[in-house]
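There are two complexes below, and they share chain A, which is joined by chain B in the first and by chain C in the second.
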Partner chain A sequence: MSTQSIPAQPLAARAPGRRRRFGLDLARPSRRHWLGYLLLAPAVLLIALIIVYPLFISLDLSFQNVGIARLDQPRRPFTLANYERLFTSAEFWMACWVTFKLLVIVTGACFVLGLATALLVNNRFRGRSIARLFVALPWAVPEVIAVIIFAWIFDSSFGLMNWLFITLGLTSQTINWFSDPDAAFAVVAITMIWKGYPFVSIMALAGLQSIPEDFYNAAKVDGANAWQRFTNITIPTLMPVLGVTIVLVMLWVFRDFSIIYVLTGGGPLKATQTLSIMTYEQAFGFFKMGYASAVGIVTLVLCVLASLLMVGRRAEAMY
Partner chain B sequence: MAGIRIENVRKSYGAVTVLRDFNLDIADGEFVVFVGPSGCGKSTMLKILAGLEEASGGRVLIGERDVTDLAPGDRDIAMVFQNYALYPHLTVARNMGFGLKMRGMDRGEIDRRVSEAAKILAVDHLLDRRPKELSGGQRQRVALGRAIVREPQAFLMDEPLSNLDAKLRVHMRAEISALHKRLGVTTIYVTHDQIEAMTMADRIVIMRDGEIQQIADPDTMFARPENLFVAGFIGSPGMNFLLGNVTADERGARVSLFGQDVCLPVPLAAVPGIAGRPVILGLRPEHIGPAHGPVSFAVRPRLVESLGSEKYIYVDLPHENRGAPADAKGADDERRGDALIARLVDAGAVATGEPITLSFDPARLHVFDAETHRAIR
Partner chain C sequence: MHLTKRLKALGLAAAAGALLATGAIAPAAADTTLRFVSWQKDERGVGDWWGALIKAFEEKHPGVKIEWTKVERGAYSDTMTTLFAGGSPPDIVHLASFEFQKFADNGWLENLDPWIEKAKLNLDGWAGQKTCEWQGETVCIMMLYFGYVMGYNEELLQKEGLAVPTTWDEFIAAARKTTKDLNGDGILDQFGTGHETKGGGGQYLSEMLNYVLDAGGRWTDANGKVTIDTPEMVEGLTRWKAVVKDNLTPRDLSAGEVRQLFADGKIAMKFDGPWLYPIMQKGAAKDKLKLAMVPFDPPVGGSSNVLGMASEISDDRKALVWDFIALATSDDFQTKYATMAASTPPSPRADVSGAKGETPHFDLLVEAAQAAAKAGVDRIPTGLEIQYNEFAKMAMEEAQRMIIQDLDPKAVAATMQAKAEAIQKQ
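The block that comes next holds the complex of A and B.
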């Protein structure tokens, strides 16, 4: 074969066409995009397998009356019963309300705390690196460990918080944090805020550092005071970053499971049962997988709607 | 509008001094350009004037009002930044009106001033766009517009043209000059480009290492540089520097240049001081002619660059005239001290390596002390 003699030849002597021995020359400009698709393929296949396929399975399940789902069993008849039951159940609307409350409180507090800490550690001061580390620390702590720490802090008999409340004279007797619905909700919200704000802080800090110094100089020359500079320059120029960050935090609150499940398990009296806890309870507590899938699908739709609402035009490139 | 007085302003960061006793009186309506190489302190001085940096000492007065410790917004000045500093989230109109809004001016008056300034700068059709939809030149105009609407006592401009391409820069240069003539507002303009300084300024302040080297109008700066640095910085191509040893006789001081005895244009009183010592002689490329003259010499060009209307002839210096200090050159001139450039207009055909006769008039020579680098006149 003629190709066998090619490696022995000096490079310059090779005919340019001979290099296409494998029939696919990806270096050719007209085929360069093939390489892109080729490199994307494994990831796309993986996502299709572990995200898209289960999504369709659960969509399909939500329209069937299924207890324990098994792929080897024949498909049950199509029914809207799961959704009918869902929209008429008080438990579902309660879970929606809890999720919504948590969403507003946790996202709002993460936003304020994250932005405030980012502004703080964006200043030049001694020990800034340490301060930045401490701001970002909760993000690095695994969720379950954070939950255990907070479960101890809010323990009713030997927890730090009760000691603090009694020492400060805010209460005369110990508060049973996990048996009172409002207190349990507060504990869940506080834990989620503690775990979630560093993400906003890190993103906001990155955004703050990309704001040109001259924007502030120009505003100073124009006579803007610190508050005016914050509202007219910092916030609007950070908006593309903050918009996306808020969406991510919202989605995290929507789907977070471990914090609530380990702290309260959704109780007491379902006061901390969010949609994701409810999905789990229905699927693996009561083994009503069809019904659980319906909850999951509704949660997904809500997530998509909330994201669309928040991303909107805000994320447009500014520069 | 007002004049500006800068008295003994100093600035240092720890042990590093970036600005030494800076004194300057700027008349009402004057266009003053601070020029110098990077790190000479010109931008620092401008920031001190704007109130964005604190001076380590000295006073700044705008219109006889001491503003040394006033906030930038209380100084009644407007500033144009190198990268324009246009707010990306605001439209052109709101960018231009930002300073007025911050001062609590009512909407109608803001709109009136913005549209007036937009007309002057020919950006009135862009008022609803955002900065990212504008070209470099348009952004520059909007940045100028933002300064104009404020109707301030003075404009401060920090290298406003350095982000534009060469052609647009020439165009905007002329526009800023025209704008200054029209508005008559005191302007301080910072640049590292000596051509911008020469073309725009009423007066130029040349700075180096935090010190003022010379303050003069462009023509004086070109014709009578105070020292070697100024001589090398102003002019393009830069001044040629030749080293020579002075011999004195009753007719005056003489040096040997290109093997010829040349009489130096220094007063007789200065002759005894420099007799027997080396001096640096400056000769501008445009003062070298293509034909016989008072001092003629035959050379073979090392390199000929043609710009169409003129030619730059690079010629090797004789060994005895080499060795002028490298720091005499302008900051952006990396020429070695062994070549001389002649700038010939309508010289006809000149080829590299072919013999040519060049000449100069000794009266055009600038004489500098080889040690102090100061001009000897």
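The block that comes next holds the complex of A and C.
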């Protein structure tokens, strides 16, 4: 009964008081974009809380001489000592060099292998589905399990690789894979390439499948051979995908921790100690969180610079 | 009618209020949960002992539960640091004896002296307890002090006509003779001894210490002065280099993997703590494996793990944690430690006669622990407790450099000395 007594009115006319009270009319065309901000706000706040805040804390810690950090402790005096020590430390520059070597070797090899396998499984042949599965398989294997498999393959005393090398006559005595700096670096790089190339492959395959067949047909009509079609159609069309993929692979190499830590722990003689391993060791091995934060901040800056460089190159290739 | 209804409602509300009130009070007292984090939860023997201790504590304190969480040893230090730094430490604090110093230095461990005094707990003769003193305060109770023993494969030694070695010279000769490529494929299948050469600096240093101590070397003296650049240390480093560089030990294996190889009959002689015996018993070569005193003097030994309480918890919880520590240090549970964990209990009042009956080599474990204690051996060098991880990493890397680059041990000792002093001065 009572509902029938209320006359039908437009929403705005029915609640003028409420609209005035909040002073926010999201229906007005000039304020419609506010709704977008309002809806985004929770996500932005959450990101600020879980990413920006710890980042700020790290930055702040890097300017303090602090061992084990606690938020309820008073702030230590501002100092540049951590950065001074960092830039004069041979260990830091060694870690930079190792990170750079890994970055170039692993990213380069992942790019070549990933693209090659993507091109291979993009062709039509019998067993293509299984081939695609095998190409993607290393990506699906959990990192720690992959590392344990490789640790046993390269085991210095009982590993498969030493047996293979001796059987094939490539060496007369066993190689101490994890006691030799060069060998240990090679093992880490191989494991990372094995784990990382399927990502490039999957991304490139997705990119390849989006290239219209007409492009290739037109090129064929114009007399382009396979290499010309690859360099003039495939690569330029794939560049947006490959650019982003390379940036992601680079960032993965920068931040990867578990492969190196489980395989070598950064040794021997710091031959596999990257910036991320150094950060962890200083923070949780030696409890020097101020110094570790400084290493982390420098790593972050390097990551951002590398990403900007790569994104810039991608843009040039696109247009 | 209305009045009756209101009275009923009031009565019900009062009853509900009373119930809620009693309910609110009772759980606060009864449903206390103490947090206990340990890496030993699933360890055969010692894990069973902790389980029995928790059960006895809970029976003695109805309504109080202990939430026992396992954290792997490899991630233990990080996890505990994060828990303490985040302001939510475990109530019962279990730490390795080489890592508690950093927590004590931050003021995170309760001074146990008033509790010990109040409970009249006698710690005279308690093995390794001196290690728990930090800046004049007792911050923990030592739970294990041990001495290394030597496991050996009787069959492998007999095949080469060798007796159980009792000196360094006999040992190195036996190790060379028993290191073999059995099938002629160019790969060694059997090793004279086994050491962990992969992993953390702490374990690497413990392995090296076998040879260093026998040569008369020490990382630091009793006053904490670094004493690496000495003829004795040079001799110790020379011995370590000989064992590793000549492949008398398998390379790049973790401690667990080396123990398993010994248990399976691939290693002739292995120096280790009391925990080696349960692993030997499960190995493929268990019938051929025996225990003896190490051929070195003194044996490696030292403190293992400690028990303490977090300083930031409430007084009520502290009282409960102390009850737990008191139970762990009671004569009854120290006696059980010998039988259940098959290890030497730190308490001098523990009755080990039962353990001697159950564990055939128990006398040997006691003898090794006493020999190490008498010589004042500990794996953590005096004066480098706080910087131990950094020092251990440095010493490991310099020893690795000596082996990889074939450096003169004398030069390596000098480098280690300089670096250790620099670490100590930080």
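By definition in this document, the second predicted complex is superposed on the first by the 270 of 319 C-alpha atoms of A that agree within 3 Å, B and C clash if a C-alpha of one lies under 4 Å from a C-alpha of the other, contacts with A are read in each partner's own complex, and residues count from 1 in each chain.
Here is the rule we use: a residue touches a chain if its C-beta (ideal position, glycine included) is under 8 Å from a C-beta of that chain, and two chains touch if they have at least 3 such contacts.
Predicted model only: the values in this text are computed from it and were never measured.
Engineer: Please tell me, clash or fit, for chain B and chain C sharing chain A in the overlay.
Structural biologist: With chain A as the common anchor, chain B and chain C both fit in the superposed model.
Engineer: Mind working out whether A:219 is in touch with chain B, chain C, both or neither, as first, second, both or neither?
Structural biologist: So A:219 only meets chain B here.
Engineer: With both complexes superposed on chain A, which partner does A:93 reach: first (chain B), second (chain C), both or neither?
Structural biologist: Neither: A:93 stays clear of chain B and chain C.
Engineer: Which partner chains sit in contact with A:56 here, chain B, chain C, both or neither? Use first/second/both/neither.
Structural biologist: In the superposed model, A:56 contacts neither chain B nor chain C.
Engineer: Per the contact definition in the header, classify A:78: touching chain B only (first), chain C only (second), both, or neither.
Structural biologist: Neither partner.
Engineer: Looking at the overlay, does A:134 come into contact with chain B only (first), chain C only (second), both, or neither?
Structural biologist: neither
Engineer: Quick one: is A:179 in contact with chain B, with chain C, with both, or with neither? Answer first, second, both or neither.
Structural biologist: The second partner, chain C, only.
Engineer: After the superposition on A, what does A:285 contact: first (chain B), second (chain C), both or neither?
Structural biologist: The answer is second: A:285 touches chain C but not chain B.
Engineer: In this superposition, which partner touches a larger number of chain A residues, chain B or chain C?
Structural biologist: The partner that reaches more residues of chain A in the superposed model: C.
Engineer: Quick check on the superposed model: minimum Cα to Cα separation from chain B to chain C, whole Å please.
Structural biologist: After superposing on chain A, chain B and chain C come no closer than 51 Å at C-alpha.
Engineer: Using the superposition on chain A as set up above, list the residues of chain A that contact both chain B and chain C.
Structural biologist: none
Engineer: Using the touch definition from the top, list the residues of chain C that touch chain A in their complex.
Structural biologist: 77-78, 81, 84-85, 87, 102, 106, 185-188, 191, 197-200, 250-253, 387, 389-390, 393, 397, 400-401, 403-404
Engineer: Name, in rising order, each residue of chain B that touches chain A in their complex.
Structural biologist: 50-52, 71-74, 77-79, 81-83, 85, 87-90, 98-99, 102-103, 132, 146, 150
Engineer: Name, in rising order, each residue of chain A that touches chain B in their complex.
Structural biologist: For chain A paired with chain B, touching residues are 212, 214-215, 217-225, 228, 232-233, 236-237, 239, 317-319.
Engineer: Can you tell me which positions in chain A touch chain C when the two form their complex?
Structural biologist: 67-72, 155-158, 162-163, 166-167, 172-174, 176-181, 265, 267-270, 281, 284-287
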